[in-house]
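In the two complexes below, chain A is the common chain; its partner is chain B in one and chain C in the other.
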Partner chain A sequence: LGCDGLQELQLLQLWNSRCSNHQLFAVHQVAERVEALGQFVMKTRRTLKGHGNKVLCMDWCKDKRRIVSSSQDGKVIVWDSFTTNKEHAVTMPCTWVMACAYAPSGCAIACGGLDNKCSVYPLTFDKNENMAAKKKSVAMHTNYLSACSFTNSDMQILTASGDGTCALWDVESGQLLQSFHGHGADVLCLDLAPSETGNTFVSGGCDKKAMVWDMRSGQCIQSFETHDSDINSVRYYPSGDAFASGSDDATCRLYDLRADREVAIYSKESIIFGASSVDFSLSGRLLFAGYNDYTINVWDVLKGSRVSILFGHENRVSTLRVSPDGTAFCSGSWDHTLRIWA
Partner chain B sequence: MPTLLDVMRNFVEALMMEMQNPDTGIKTQTQRVLITNIPHAVAGNDIFQWILQRLQITEEEALHLGDLFVKYGYIYPLLDPKNLTLKTDGSLYRFQTPYFWPAQSWPADDTDYAIYLAKKNIKRKGILEEYEKEHYNMLNQKINYKWDFVIMQAKEQYKAGKERKKADRYALDCQERAYWLVNRTPPGMLDVLEYGLDRVTDPNEKKKKTIAVYRREIMYYQQAIMKTRVKSSVSLEGLVKYSEQFLSNDPILSGCLPSNPWITDDPDFWDLNAKLVEVPTRTRVERWAFNFNELIRDPKGRQNFQLFLRKEFSGENLSFWEACEDLKYGDQSKVKEKAEEIYKLFLAPGARRWINIDGTTMGITVKGLQHPHRYVLDAAQTHIYMLMKKDSYGRYLKSPVYKEMLAKAVVPQETVKKSSTFLFGRRQLRSSPSPIILRQQEEEAKAREAAATVDITQVMSKLDRRSQLKKEPPK
Partner chain C sequence: HSGFTMSTTNNIAQARKLVEQLRIEAGIERIKVSKASSELMNYCEQHARNDPLLVGVPASENPFKDKKPCIIL
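== the complex of A and B ==
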């Protein structure tokens, strides 16, 4: 890249940073008139025991009660978390299964980790059928799989990897439909935009960046770099106009996509361990965040204050998702258990 | 992935120093152990109270934080060394010397551990615990080439220790033991320093950027400049409004009727809100009026909207939109086939369910269909979506179709959790049919419907052909 090229880039960067000269607001300033939340209590309503090692990831089924969870020892379990019954179990040929996802139909799951792949397992009740036999190898990365998600159907999967890229795959053929390059280090998480806002998704990585991508073109359309360390988790606000992130720098942040900037930091002096996993309540008013100090902090998204702290896990909280109808959230931990809170 | 960022470590280390400040820190005591007096001991409860006051946090948090300080080895218990928890009673603790503080820069060394174990062995034969013996033997093999050095160092340290005052020697022994309990955790104890996997790429390493990276960056900034940004006050107002609108629907904040299944163990809420339930709940139907997306994303809402559209003779719009979704998210191998079917059914001149889109969009779409791909119908889909959203949706909400649904909608009675008598354990929890079974049933139902339905146009064209044949003179 010649001297001219570098100059052009610098000029563009400068111009871009000057582009928004409006008065900058944080969300809590705009939300001053909003009523404060009353006291509210959340408790563990179910404890799912059955994994023999650290729980690394979980996802909800659209039926609002079933979940899939994956662990360091390679086990992937499908539970009816309402009854706490285990319905299916698969042992992966690798350890550290860091990613798992439930298909929209509820009839398949996807998972992967140190095998650098994402595989899809159709779920079956046939006792004679070995679930591993029907397994489909879909994604192939050159390093560990950190996250995966089905799009609007069972036919497509989006993946994130330690190799620094994300990719979109056709499940049936294993064909790579689109790849996404731009992160300068391992990509640790991703989240698909809610339907109306179109074909985009956000990813977070060890390069401290959160990037928003156009699924059609593979281009990065927005980028945010305000965290001081790895971004472990990203999740869209339910309207799709913003997203939250959780990082090893012990803060969670809110980024407004239309204003194109960070609009809130959720942090406290006494919170010194990284946030591993975040998700919004149905209305977007609450942000649940699981931390490496074994706790879950509940934040008032609009006011910026911490509403509640939940104790219970005996080791890092590694994964956290709110149920599809917002009645509860599930947390998974290195203490081998999952908990449903409501 | 680091355990504790440098900033955080600095914060904790500063707190440790504050705790030991003779004026503002924690009151110290002298503990008598056997025949030695150990100075600078502090009571667990005092540590707890100090943290509570200093950080202005809840008692639960202060206890948890203090507990973590002990687990990470900043503070160690005097009389129960393996129990790395903070007790809020008179149990005594001491501050770990900074030399032994957890540091990212130098992880606990194998050689140092070997020296420590060797030293322990010299002090009293047979004192090593099982797991320590295992480590010792393993290290003997692993760093065998250094073993003379290890033993020599161990002997030197042991000799030097003997020359110290008894109290100092005891203190150092405690410090070392505490350090190794954290850095070489005994089996069964929580290993707090475990951090998971290493990153593949070190983000701090300055990598030379390739031309491709620069090109991407230039492209990114070129389009970023073009982007219209909304004033943050305006877009934030949007976020606030959204949360306010959905507050009543947020079960965690506002509850739900009849009850939250997780709290009362009663899954009625799910049954009443099944995908295509006969009579939906009032909350659900009201939600369809929040915005068009809420209506179209709910299968029941879509069903009701389709009913309305048929009355306005624009039912093909929704069907077209659904077909486009199926194309976009479906099997890659069926893209060409599906695109052709959609063209025939919705876009071709004289198509059976012709959709009304403007000339330009139609032109782009037809051209694109020559080389179909997943997104080939995007322009047309967006046009139809906007049409439904800006035009039909408003009328729908005022229509008898919607109003009837709203009137019919059920408002479940609130059920309160019955006082649980745990005599026979938890109430029998109702299981639900697996999605696998449900899908099977759905497919069987569809097949039956398809067999029963007669396509009227096919019948008409058949009759047409028959009458045509009649007209022809027999050959």
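== the complex of A and C ==
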């Protein structure tokens, strides 16, 4: 295969450490001297009711107040989370709208699912205008759309698909700018690196791999394969130096990008259902994770312990995001509702 | 046996791809887990007081928390 003995050994060691579950030195050991967290009181402060079926995805607007959510019944709703009023609603031509995202300007939303596409809808306050009339089809995959995200502007969208690829699209022209090949199965999630860290993003898939990509070259620059099952959710640590994942193997994990390995596992014997969605609090100290057993677990990222368990949803938690200013987080569930917690 | 040849060729092609990818990834510079962990800790510490969900903010500052109604006596 064209490499000498020493190179071969180095490559094998790299391969081994990438796939290794076995921790020699985890964050928790280094964080022993860190003060433990006190009691947490977090309650449901708002319940958003209106979807007719499972809520599959949600995203916050940069105004820290509006939320877009999408559902199995094909409906996409924009809410004012302060008042719980619905501001916009559109019915997609497909069911299972698995992905939705708010544009950075707050003037549009993107969504898609079983239609294999990602479409952009400008948000208009003109009561005479039909939201669906201005719909723009941007992305085309050959299988379902599982995740989408605008980049730094309204001009580009990043998508992940059941076809095993991710792709970057120009919104105006619908042109494919870059495609990302490497996952061996459906890609289920993605997250863009915080803008200060540069042009990379992370994706997770049914191949149990989390992959970090260079957006310009389309190259995979790092990959991690320590989960035992599908990775449902990936989210960057606020500094951009690490990311967390949630998996059907009932664990969440933390991967450090500069150490190039898994550095923490968040699990308990009593937690046996998959984690569907994860997000960090503003400082990165807390990791909120929604599970298929209807609960939300709050983890101390540094110490590895669970600091709180939140009950309230009456079915799987499918989506979870912390608000842009970190004052609250929103969870969506198969129980048809969204909850705002603070 | 053509079936056997196809599968061997595919396996070699796959292995080649994997080695190429590992070569790219092996080229990146790594830091020690202990150093990476301390830096994560420092980031948390530096930003802790500005983390509303961590330190808690009074109802008056959190739009989602209900302010107590005023009672006029």
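We adopt the following convention: the second predicted complex is superposed on the first by the 318 of 342 C-alpha atoms of A that agree within 3 Å, B and C clash if a C-alpha of one lies under 4 Å from a C-alpha of the other, contacts with A are read in each partner's own complex, and residues count from 1 in each chain.
The rule we apply is simple: contacts are C-beta pairs under 8 Å (C-beta built on N, C-alpha and C of every residue); 3 or more make two chains touch, one makes a residue touch a chain.
Here the structure is a predicted model, which is why all the values come from computation and not from measurement.
For chain A, the partner with contacts to more residues, out of chain B and chain C, is B. In the superposition on chain A, A:282 makes contact with both chain B and chain C.
Touch criterion met: A:66 reaches chain B, while chain C stays clear of it. Shared-chain residue A:173: touches chain B; no touch with chain C. When the shared chain is aligned, chain B and chain C each come close enough to touch A:45.
Looking at the shared chain after the overlay, A:223 reaches both chain B and chain C. Shared interface residues of chain A, touching chain B in one complex and chain C in the other, are 1, 15, 24-25, 27, 30-31, 34, 37, 42, 45-46, 65, 82, 182, 219-223, 237-239, 241-242, 256, 258-261, 263, 281-286, 301-302, 325-329, 340, 342. Remark: chain B residues 1-5, 7-8, 11-12, 55, 57-58, 60-61, 64-65, 68, 190, 197, 199-203, 207, 211-212, 214, 216-225, 227, 229-240, 242-247, 249-253, 256, 260-263, 267, 269-270, 273, 292-293, 297, 325-326, 328-333, 374-375, 378, 429-432, 434-436, 438-439 touch chain A in the complex. Those residues of chain A that touch chain C in the shared complex are 1-3, 10-11, 14-15, 24-27, 29-31, 34, 37, 41-42, 45-46, 65, 81-82, 182, 219-223, 237-239, 241-242, 256, 258-261, 263, 281-286, 301-302, 322, 325-329, 340, 342.
Residues 1, 5-6, 8-9, 12-13, 15-16, 19-20, 22-25, 27, 30-31, 34, 37, 40, 42, 45-46, 61-66, 80, 82-83, 85, 87, 96, 105-107, 114, 123-125, 143-144, 151-153, 155-156, 162-164, 170-173, 175, 177, 181-182, 184-186, 194-196, 199, 206-208, 216, 219-223, 228-230, 232, 237-239, 241-242, 248-250, 256-261, 263, 268-270, 272-274, 281-286, 292-295, 301-302, 309, 311, 314-315, 325-329, 340, 342 of chain A are the ones touching chain B in the complex. Interface of chain C with chain A (complex): residues 15-16, 19, 21-26, 28-41, 43-48, 50-54, 56-57, 62-66.
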